[in-house]
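As structure tokens, here come the structures.
Across the two complexes that follow, chain A remains constant while its partner is chain B and subsequently chain C.
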Partner chain A sequence: MSTRIQTGGRLIDRTKSVTFKFNGRKLQGYAGDTLASALLANDQMLVGRSFKYHRPRGVVASGAEEPNALVNMGEGAFFEPNQRATTTEVFDGLTATSQNHWPTLEFDVGAINTYLSRFLPAGFYYKMFMYPRAFWKHVYEPFIRQSAGLGKAPKQKDGSDYEHFYAFYDVVVIGGGIAGLQAAKTAAAAGAKVLVMEQTADWGGRAVVDGAEIDGASADAFVAATVAELQAMDNVTLKTRMMGAGVYDHGYLLGYERVSDHDPSLAGPRHRLWRIRTAQIISATGAIERPLSFAGNDIPGVLLASAVRDYLVNWGVSIGERTIVVTNNDDAYRTAIALKQAGLSVPMILDARKSGGGALAQQARDMGIRVENGKAIAKVHGGKRVTAVSICDQAGEGVVLDTIGCDAVAMSGGWSPVVHLYSHCGGKLNWDAEQVMFRPDLTRMPTNQNGQGFVMPAGTANGEMSTAATLADATARALDVVAALGKSAPTLTAPTAASEDAAAIEPVWMMPQGANIKLRMKSWLDYQNDVKVSDVQLAAREGYESVEHTKRYTTLGMATDQGKLSNINGLATLSGALNADIPQVGTTTFRPPYTPISLASIAGSARDEVFQPIRKTPMQDWHMANGADFEPVGHWRRPYCFPRAGETKAQAVEREILQTRKSLGLLDASTLGKIIVKGPDAGKFMDMLYTNMMSTLKVGKCRYGLMCSENGFLSDDGVVARIDENTFLCHTTTGGADRIHAHMEEWLQTEWWDWKVYTANVTEQFAQVAVVGPNARKVLEKLGGMDVSKEALGFMEWADGTLGGFDARVYRISFSGELSYEIAVPASQGRVFWDALLAAGAEFNVMPYGTEALHVMRAEKGFIMIGDETDGTIIPQDLGLNWAISKKKEDYIGKRAQERTFMVDSKRWKLVGLETTDGSVIPDGAYAVGEGVNANGQRNMIGRVTSTYYSPTLGRGIAMGLVLDGPDRMGETIEFPKVDGGSITAKIVDQVFYDKEGTKQDV
Partner chain B sequence: MSNAVTALNGAKSTGYVTVKEAPLTGMITLRGTFASKGFAKMVKSVFGTDIPEQRKVSKGPEATVLWMSPDELMVVCDYAAAQDLVAKATAQLGDEHALVVNVSDARAVFTLSGAQLREVIAKEAPVDMSQFEMGEVRRTRFAQIAAAFWLEAEDHARIICFRSFAEYMFNLLKNASQPGYEVGGW
Partner chain C sequence: MLILECPYCGVHAEETELHAGGEAHLKRFGPGSSDDDFENYLFMRENPKGVHFERWRHVNGCGKWFHAARCTMTLEVFGTYSAQTTEPPKDICDKISAKRPGWSWRNFS
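Up next, the complex of A and B:
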């Protein structure tokens, strides 16, 4: 059994016990424990079920690489699935449950899959679920969804907060082990501004666990002294619980800070995502130990040798009483030695190398541990826990020589430098056959915007395996970085460590070397996704030669651990099956994040009221207080209508329209874009921007204009007012204000940079109100202050003045067909002005109206709406707007495009009005069908609806649409099938349904 | 004038940094050729200060001039004085090609006060706040919206954004400055 031993545990505080719950069971741990170490201390070895076969799985590692120990953390609003127990610090009140089991962790029905495993090989889904086609949706997918998957999705809204933080450094060191600290010290001594981040809560990394000696003292002492030294420096920032998540172009780096995961009672955000720009990155991320591929290597109780050592040294936890160590390198001997020193039993060390190990092996022998060279594990026995190990020759096919009882296996297949961050931006690797690892090729580093290397691996992450070499490399690589920054470091005495007499590692990709298929089918490569040696070999036989294809076919390395343990073993297995060298097969691509980060940290503070910026007009509070129903228009929320008690939205719209046409309506038009165009060349510029002639517009007058893109398509429309000889004010659509301002600036800055024109977007300077209806003039006269009579202020004219004491600019323009004034006042006075209009309009029963009434009234008048009649493929000519296209101008933006053959094609659908024969309303987006079918056997289309409404003014459905030969077919009827069957017939009519002569607006 | 109100009526939040919506503030957009003597003279005589250097602020007795782009300045002044200053500047420029617009109502202004205000800004704006100096102005974004800010003192900053975004900006700053949300040591 796994248990807490009497002494030891450098990270735990035995005076502070904490209580937590796992699967409803109350357990005790100590402050400083991870959830994994605390579970193991309580003999909770079984922590989950595997993804595919539901095999019992235990903790296998002690850090970020852990594939098995994923748990559901927390409850309710703080529930989060797939949390790694090995990187979760335990705290009082922690609640966790195991995942992917039914009904219980100990008894799981899905485990039947393990007996079916020979029928569930690699690519099983692809092969099995192809036919019959209909089965996928109705049989296969529901079944797979039920049985597969890891954690559950949270049901409640996340109760924690998150935020971002922008920070800038010269050098960021990722990894707080001895290499990272030494590199940081070197860079900091050169005066660089340095950030050092360590993903765990503690400095020091592996060296302190392994008891390395540095400068004649313990690694612990070196770490403490170096951290203290760095802390004292102004130019150094030290952060624990922060992981380097991803490296991106231009020195962009994400630091994932877990602020309060270890203590949720703390105020503040749970995670903080540091968005860092740095000139140089030092990746001192160490290495990860590889498992060995032998039958039963996934049975709970089989752990990485380094993890067994970590649990013992860091947390005082023994994985078993009798641990068999199996290895192909010297490092695993450290585990055997540490276990023995702690008084635990190590019945045997199986060293797959015929020639055995070096100095450490000798030390183990001297301690009385039995060491067997050239031997391997044939098979691990046990179900939910290791019970024994069968021994064989590594060189053979698995003939069992002996079976030895044990309750733990510590395995080591060698070490892989953590090259992830180095690789994110394209750093290349070399295969080091001597050390059996991929390591960074410093001649092919990831390069920054200047073509200069910017992610420097250092220490073990750079493939240096001994303490002495690690420290020397960290110093040297940091000096490289200092030089790249153009700085120089004072001469430092690099710390020294004793050289180690180690025997070379030997590659062991399968154990035993000639393992039969039965053994290979029980040798796991990827624990989380249940990929075995036999699966990768099958993929190779089926023709998957590329490692990237094999990865996707078998799902090797595609789980949440992204193959931290399985990648190298998997590709070595593939290369063996393909009879190719490992470097020829290559690795899969390392992509950020290093380990999964919370989605919420990416969103940062963008939630609830700041999820998205909502723009508000000066009158917004009134709209909200008066029950407006809002619709989004760009980032604005505009009132769609103002329903009264008991009214439906349709009824409200109808009331607003009828009252406006009958008496008086008000529209908050503040959102309309307002752009000033000024300069001696403003007229020339306006003529290029708009399809019509704007330079001839007289001061004091307004003109409706169209703007097209370079490709000829109608882009925006609005009323232009000429303010003075050199100044125009352009109204744009609500959504178009920023886009059109940018469009203007782009042309001015890139094409016509020598034209004397300035623009300014003054949209928000003004609150603008449309005062609409037969009584519009009366209400303005009641406010008083300026002459708004027909004579003084004619249709399509504007004037400055005061109204009721407000500084106002009044435009006599109409989008509704009624007598109408649009009045702009300074935004800060908008609300009071609105109130004044409501008060003055009370006697006329004034009604504010929303965007829907606006739309219906403009449709009754046959006015187009950008976004309804246009969709980015429509030119003004399609809409019969030829009257607004100047024939006299030599050029305007879009003119040439409009002359191309397909733009002048007479078969382009043209805008017409549509009147339903039965008075009903054509559904939005309906298409008109013609005779015959097209090449695909579909009915031919001859037109589509662009705007369709019930017109309360006319008491019937009206619409506008684009129809083939439309304007030539006045009076004909066309058919619009409905989605739910049946169809509507509509008569093609003129698009102006209301007051075609325009007498009502010009009074 | 008594009718004029700010977007948020002077909203305030007291976290580890105090966030306040400033009272109505005069703002004038100036566009012109900085190298032109006439333009520079106008800035000096009307606003009492020189054209600021790139990304800098220059302060006159009654107006602060912010560098916005190679041909655009923003004058910050007393709200009541803005219209007169616009008229004066326009008159003095005469025929010179330039643009002077009163945009006092187009924006909301916020102040941040407190020793840790740099850190609050660094949560929302991609700016190196460890290097940002007095006398600098930065046009940038705060989370998802455009904004500009400058320091008036080591513990006092001013932020401007479009008026319609006032509530969003206030909530951003309020959330970022809640007690317990300090970053510290960066």
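Up next, the complex of A and C:
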């Protein structure tokens, strides 16, 4: 069993016990425990089930690389799945549950999959779910969905706070081990502004666990002294519980700080995402130990040798009473020695190397530990816990020599430098055959905007494995960084450590070397995703040669740990199966983040109302106070309608339209884009922007115009007013103002930069109100101050003046077909002007109306709406707008494109009006079908609806649509099938349904 | 997250301040041009592994369009310059030649 031993545990405070809950059971731990160490101290070895076969899984590692110990954390608004127990610090009241099992962790029905594993090989999903096709929807997909995912999805909105933090440094050191601290000290001594981040709560990394000696004292003393020294420097910031999540272009770095995960009672945000710009990064991220591939290496109780040592030294936890150590390198001997020193039993060290280990091996032997060279594990026995190990010759095929009882196995397949951050932005690696690892190639570092390398690996992350070499490399690499910054090297005495007499590692990718298929089918590479040696070999046999393809086919390294334990072993297995060298096979791409970060930290404080600020017109408060039902239009919220008590929205829209057509309506049109185009060449520029001839527009007049993209497609429309000889005011759609202003600037700055034209977006400078209806003139006359008669201000004219004491610019334009004035006043006066119009209009029963009434009234008049009649593939000619396209102009933006063969094709669908034969309303988005069927057996389509409404004015459904040969088929009926069966027939008619002659607007 | 210096206002702007505008130095073809010329102008773009010339706008800043010469492989920036020119300035071409001897891009080299 795993338990807390009487003494030891550098990180725990035995005077402070904490209580937490796992699967509803109350357990005790100490302050300083991780959830993993506390669970192990309570003999809770089983922590979850694997993804595919639901095999029992125990803790295998002690840090960020842990693939198995993923738990659901917290409750309610603080619930979060897939949290690693090894990086979760315990606190009083912590609640966690295990994942991926049903009904319980101990008894799981899905475990049947393990007996079916012969039928669930690599690429199973691709092979199995192809046929029969009809099974996909009702059999396969529901099954896969039910089996997918590990933890549960949170049900409530996240109750914690998150924030972003921007910071700037000369040097950021990632990793607070001895290499990181030494590098930081060197850079700081040169005067650089330095940030040091360590992902755990404690400084020192591996050296303090392994009991290294530095400058004749313990590594602990070196770490404490260096941290104290750095803390005292003004130019250094030290941060624990902060991970280097990702390195991006030009020195951009994400730091993920877990501010209060370890103590939710702390004030402030839960996570803080540091968005850092730094000139140089030192990646002192250490290394991760690799598992060995032997049968049963996934049984709970088989751990990495370094993890067994960590739990013992850091947290005073023994994984088992009898631990067998299996290794291909010297480092694992440290685990055996530490266990023995703690009074635990180590029945045997199996060293796969024929020639055995170096000084540490001798030390182990001297302590009385049995060391067997050239031996390997044939098989681990046990179900939910290791019970024994069968041993064999590494060189053989697995003939069992002996079976030894034990309750833990500590394995080491060597170490892989953590090159992730070095590689995120393109740093390249070399295969070091001697040390059996990929290590950074400093001649092919990621480069910044000056072409200079900016991510410097240091220490073990750079492939240096001994304490002495690590310290020397950290100093040297930091001096490289100091030189890159253009600073002079500081005078420092580099710390020293004794050289270690270690025997060379030997590559062991399969144990034993000639393991048969039965053993290989139980040798796990990826614990979380259940990928075995046999799966990768099968993929190779089936023709998968690229490591990236093999990854996706077998799911090797695709779990939440992103293959931190499995990638190297997997690609070595692949290279073996392909009979290729490891460097030839290469690695998969390292992508940020290093370990998963919370999505909420990426959002930061940008959520709810802060996510996207809402633009408001000066009249917004009135709309809100008067029950407006809002809809989003661009970043605005515009009233859709103003429903009264007991009224549906449809009823409100109907009332607003009828009253406007009968008497008087008001629309808040402030959101309409208003862009001023000014300068001696303004007319020339306007002629290029619009399809119409705008330069001939007389001062005081208005003209409706169309704008196209260079592709020829209709992009925006609106009324242009000529203010003076050199000045135009362009109205754009509500959503189009910023886009069209940018479009103008782009052409002015990058194509016609010698034209003398300025533009200004004055949309928010003015409040604009459309005063609409037969009584519109009367209400303005009541306000008084300017002549708004037909003679003084004709249709499509504008004038400046005062209305009821307001400075006003009055445009006589109409989007409804009624007598209509659009009046612009300074934004600051918008609300009082609106109130004045309401007061003056009271005797006409004035009716404020919303966007839906606006839409219906324009459709009754057959006016197009950008975004309804257009969708980025429509040219003005499709909409019968040829009258708005100048034939005199040589050029305008989009003209050449509209001459392309498919743009002049007579078979392009054209805009027509549609009148349903039964008066009903055609559903939005309906398609018209014609004769015959297409290649897929579907009815041929001959058109689609673009706008469809119930017209209160006409008392029937009206629509506009694009129809094949539409304008030539006036009076014919076409068929629109409905989603729920049946169909609607509609007659093709002129698109102007109301006041065809246009007499009402021109009075 | 590139950093480019805006040649108009001098700010070293981060990518979040900028708007990418595709390939630089396009020659516009309008009415009267051949189908091939127009197609090339509207649709055909360089996609180099190495030296590239691009248009950018300092959209959340001074609002000006400018050009940038950079390496798509190493992310090295050779320089930024005015958008109001039909070819890259000589000093930037010289700088590229020093770092990438023998480079060429469209008809520039």
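In this section, the second predicted complex is superposed on the first by the 988 of 1003 C-alpha atoms of A that agree within 3 Å, B and C clash if a C-alpha of one lies under 4 Å from a C-alpha of the other, contacts with A are read in each partner's own complex, and residues count from 1 in each chain.
In this text, contacts are C-beta pairs under 8 Å (C-beta built on N, C-alpha and C of every residue); 3 or more make two chains touch, one makes a residue touch a chain.
In this text the structure is predicted, and so the values were computed from the model without any measurement.
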item	value
Contacts of A:D158 with chain B and chain C, given as first, second, both or neither	neither
Per-residue contact with chain A, leading partner among chain C and chain B	B
Chain B versus chain C as contact partner of A:G451, first or second or both or neither	second
Contacts on chain A seen with chain B and repeated with chain C across the two complexes	277
Residues of chain C touching chain A in the complex	1-3, 14-15, 21, 28-33, 35, 38, 42, 55, 57, 59, 63-65, 70-71, 74-77, 83-84, 99
Touch list for chain A against partner chain C, complex	248-252, 277, 425-426, 447-451, 710-711, 742, 745-746, 749-751, 753, 890-891, 895-897, 899-900
Chain A - residues contacting chain B, complex	161, 163-168, 193, 195, 237-239, 266-269, 272, 275, 277, 604-606, 609-610, 612-618, 635-636, 676, 678-680, 756, 758-760, 762-766, 805-806, 826-829, 831-833
Chain B to chain A touching residues, read off their complex	3-7, 24, 29, 31-32, 71, 97-99, 101-107, 119, 122-131, 143-145, 162-168, 171-172, 175-176, 178-183, 185-186
